[in-house]
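Next come two complexes, and both contain chain A; in the first it sits with chain B, in the second with chain C.
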Partner chain A sequence: MGDALLVVLLGLPMTLLVTALAFAIGLVGGIPLMIGLRSRIRAVRLACRFVVDLIRGVPPIVWLFLLYFGVSIGAFRFDSLTAAVWGLGIISSAYLAEIYRGGFATVPRGQSEAASALGLGRTVTFGRVLAPQALRTALPSIATYLLSLLKDSSIASTIGVADMVFNATMFARQNPATAGIVPFFIAAAVYLIISVPVAVTARRLDTRLRRTH
Partner chain B sequence: MNVPLITEANELAIAGVEISDLSKRFGDHLVLDGISMSVKPGSVTALIGPSGSGKSTLLRCVNLLETPDGGTVTVGSQTIRAGERVKDRDLLALRRQVGMVFQSFNLFPHFTVLRNIAFPQERILGRSREEAEARARVLLERVGLAEKADQHPGKCSGGQQQRIAIVRALALNPRVMLFDEPTSALDPEVGVEVLAVMRELADAGMTMIVVTHEMQFARDVSDHLVVMAEGHIIEEGDPAQIMANPREERTRRFLSAVLER
Partner chain C sequence: MDLTEYLPRLGQGLLVSLQLTALSVVFGYVIGLAFALGVSSRRPWLKWPALVVVEIGRGIPALVVLYIVYFGLPALGVLFENFWAAVIGLTFTAAAYSSEMIRGGIQSVPAVQREAASALGLSRTTSFVRIVLPQGLRSSIPALMGLAIMSFQATSLAYSISVNELMSQAYQVSTITFQYLAVYTITGLIFAAIAVPATWLSVWVEHRLARGAV
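After this line comes the complex of A and B, so read on.
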């Protein structure tokens, strides 16, 4: 039990690293995609819609396999961590773009009209008037997405990233007689211990922002 | 309470509005069909008419929230011709001359009342934060809302929000003010507070174009009444005279419908 706990916990930094990097890529990458989804130019809108739906329409594990096993340009191949981070990062971009877009859709039209009528430019209107309001409504969904990403990051174990699930699997294989499913219970507990505070914080933040609204 | 709602520098620069042969269509529907109208500097024009008559669209063409399909709009010395590409710079220049107040207030909910009024001044007039907030406080005081400065608009009543919206526009020293049914979303007794501010602004000599269903306001405050129906101006002239003695049957029907409400 003690050994299993140690081995699983040794995978925790990797789980957090993959989640954090993929989330960071998603937070940034979602912005241009969202702008594209809201573009006034139909072709841009359709192209971004196609990309978002394509990314979301294929299971994450398949994307990771495609990146890890399918990409070889000359001598270049992704190592497992890079493939996992970029794969999950790109997927996150698509989901977060959709979440951002949903946030912007809830901002009443009158807000951008008022900004225009005052004479505020497009960038200021976007950055200071629309985006803060969109982010507030999108925040709970963003937090929910982060939680599901934390759990989905375990898919990286399938291409050899040594995260918690990878270590649990290894431990179970190396101790077939004694380990049983204990390492997976431990992993489950650790995921829960991280998830619950994030969920609680997000809910608190959400109610607080609603109050100031 | 003796601070004027409009500044002296602004008073000298009050502009007129000329609209000539303006047309606008939404899809197949011709909302404005060759409208021409002249608003003298410092005058108040009331726009009335049944819903769907195009009065709001006409108002929104003045500051190009709607892009006209034909005709010209002149504000002060700046003319916008439909069909010509408007440079961003010209568009912003036009909008900086024209303040607008909406039916739904459209204050920024994530800013405090004070920031709602100060932020546009900082961005548009390049005022410092201190200067902009000082001006905002003076104007809030002026409309009796000084104590609301640090609250969010969500905490204010509709009538308070609309007065804040008026002040937000005035803080930018507009040369023309547009009002799009400013009291339609308000209870009558609250609307009175808003109308009082508008009346004061009119007395101070601001050029105003007001889309409204407030007949008493139109009669008492406006210098010129324009009656619209189906994208045309069907009658215009002295407000009291038109209300007492409409020339057009259409006007008569509309007025009696509104007054019977």
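After this line comes the complex of A and C, so read on.
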């Protein structure tokens, strides 16, 4: 039990690292996709819609295998961590673009009209008036997405990233007689311990934002 | 090496993936409904256990659930064939997620519906089963459709417990042909070819429901 706990916990930093890096890529990568989704040019809008839906239509494990096994340019190949981070990062970009877009959709049209009546330029209107309001409403969804990303980071174990789940399977394989279900229960417990506080905070944030509106 | 001769194998894998999806969605939504009723219950001995199970199901990765069922339960003397281990694991995840969606749908039914039902002299059970539940389920349809698409994608995780679904077949074909990029691109496109139109369908249904049609 003690050994299993130690082995699984040793994977925790990797779990958090994969989640954090993929989330960072998604937070940034979601912005251009979101702008494309809101474009005034129909062709750009449709193209971005198609890209976002396509990215989300392919399961994470297929993305990771595609990058890890599929990409070899000359001598270049992704190592497992890089493949996992970029694969999950690409997926996050698509999901977060959609969440950002949803946030902007809730900002009343009167806001941009008022901004233009005040003589603000389009960039200022976007950056100082619309974006802060959109981000506020999108915050609970972003937090919820972060949790689902934390869980999806476990898929990195399938290409050999030594996260909690990878360590749990290794421990179970090396100690088939004694380990059994224990390392997986430990990993499950750690995921719950991380995600429950975030989930509770997101729910509180959500109800508070609803009340102020 | 010619990839086309391996396409039937991917087709067989897709068939298994679709079977996994159908079973886990059907069982998962029925159990999810039961959990939704449990969580909505006023009886604390029913409400809290249901809530804990739902939060556990939503809080741990589907992959870990699969490993627990596949590696874990045999240690307790319970043995499953890989396919059924995957069905059980995916069903549990689908049940946990669907129960929150169904509960949200039930909550979205305006209180006046219940009041009107009681004014008409309907009993509480009749009012819930005949008035509240149908409307609640109707408004949770788009979310449940989305979850079915997620469940279809999640079947790819069954690769990790050696179920012969699409992802496992893709892995085997890629190790035979060495055409990793082509095989995983085709596999991804097969998943997307089903998931993307299904997403559009769910968006369309959502719009229609919002307009009060259907």
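Just so it is clear, the second predicted complex is superposed on the first by the 203 of 213 C-alpha atoms of A that agree within 3 Å, B and C clash if a C-alpha of one lies under 4 Å from a C-alpha of the other, contacts with A are read in each partner's own complex, and residues count from 1 in each chain.
Keep this in mind: contacts are C-beta pairs under 8 Å (C-beta built on N, C-alpha and C of every residue); 3 or more make two chains touch, one makes a residue touch a chain.
Everything quoted here is computed from the prediction, not taken from an experiment.
Of the two partner chains, chain B is the only one that A:R128 touches; chain C does not reach it. Touch criterion met: A:G57 reaches chain C, while chain B stays clear of it.
Taking chain B and chain C in turn and counting the residues of chain A each one touches, the greater count comes from C. In the superposition on chain A, A:D152 makes contact with chain C only, while chain B stays out of contact range.
Look at A:G119: by the touch rule set out above, it reaches chain B but stays clear of chain C. Counting contacts by the rule stated earlier, no residue of chain A appears in both its interface with chain B and its interface with chain C. In the complex of the two chains, the chain C residues touching chain A come out as 55-56, 59-65, 67-68, 71-76, 153-154, 156-157, 159-160, 167, 170-171, 174, 180-181, 183-185, 187-189, 191-196, 199-200.
Put simply, chain A touches chain B in their complex at residues 108, 110-111, 113-114, 116-121, 124, 128-129, 132-133, 136, 212-213.
For chain A in complex with chain C, the touching residues are 53-54, 56-63, 65-66, 69-72, 151-152, 154-155, 157-158, 165, 168-169, 172, 179-181, 184-185, 187-188, 191-192, 195-196, 199.
Residues 63, 65, 88, 92, 95-96, 98-100, 102, 104, 106-110, 119-120, 123-124, 152, 154, 165, 168-169, 172 of chain B are the ones that touch chain A when the two sit in their complex.
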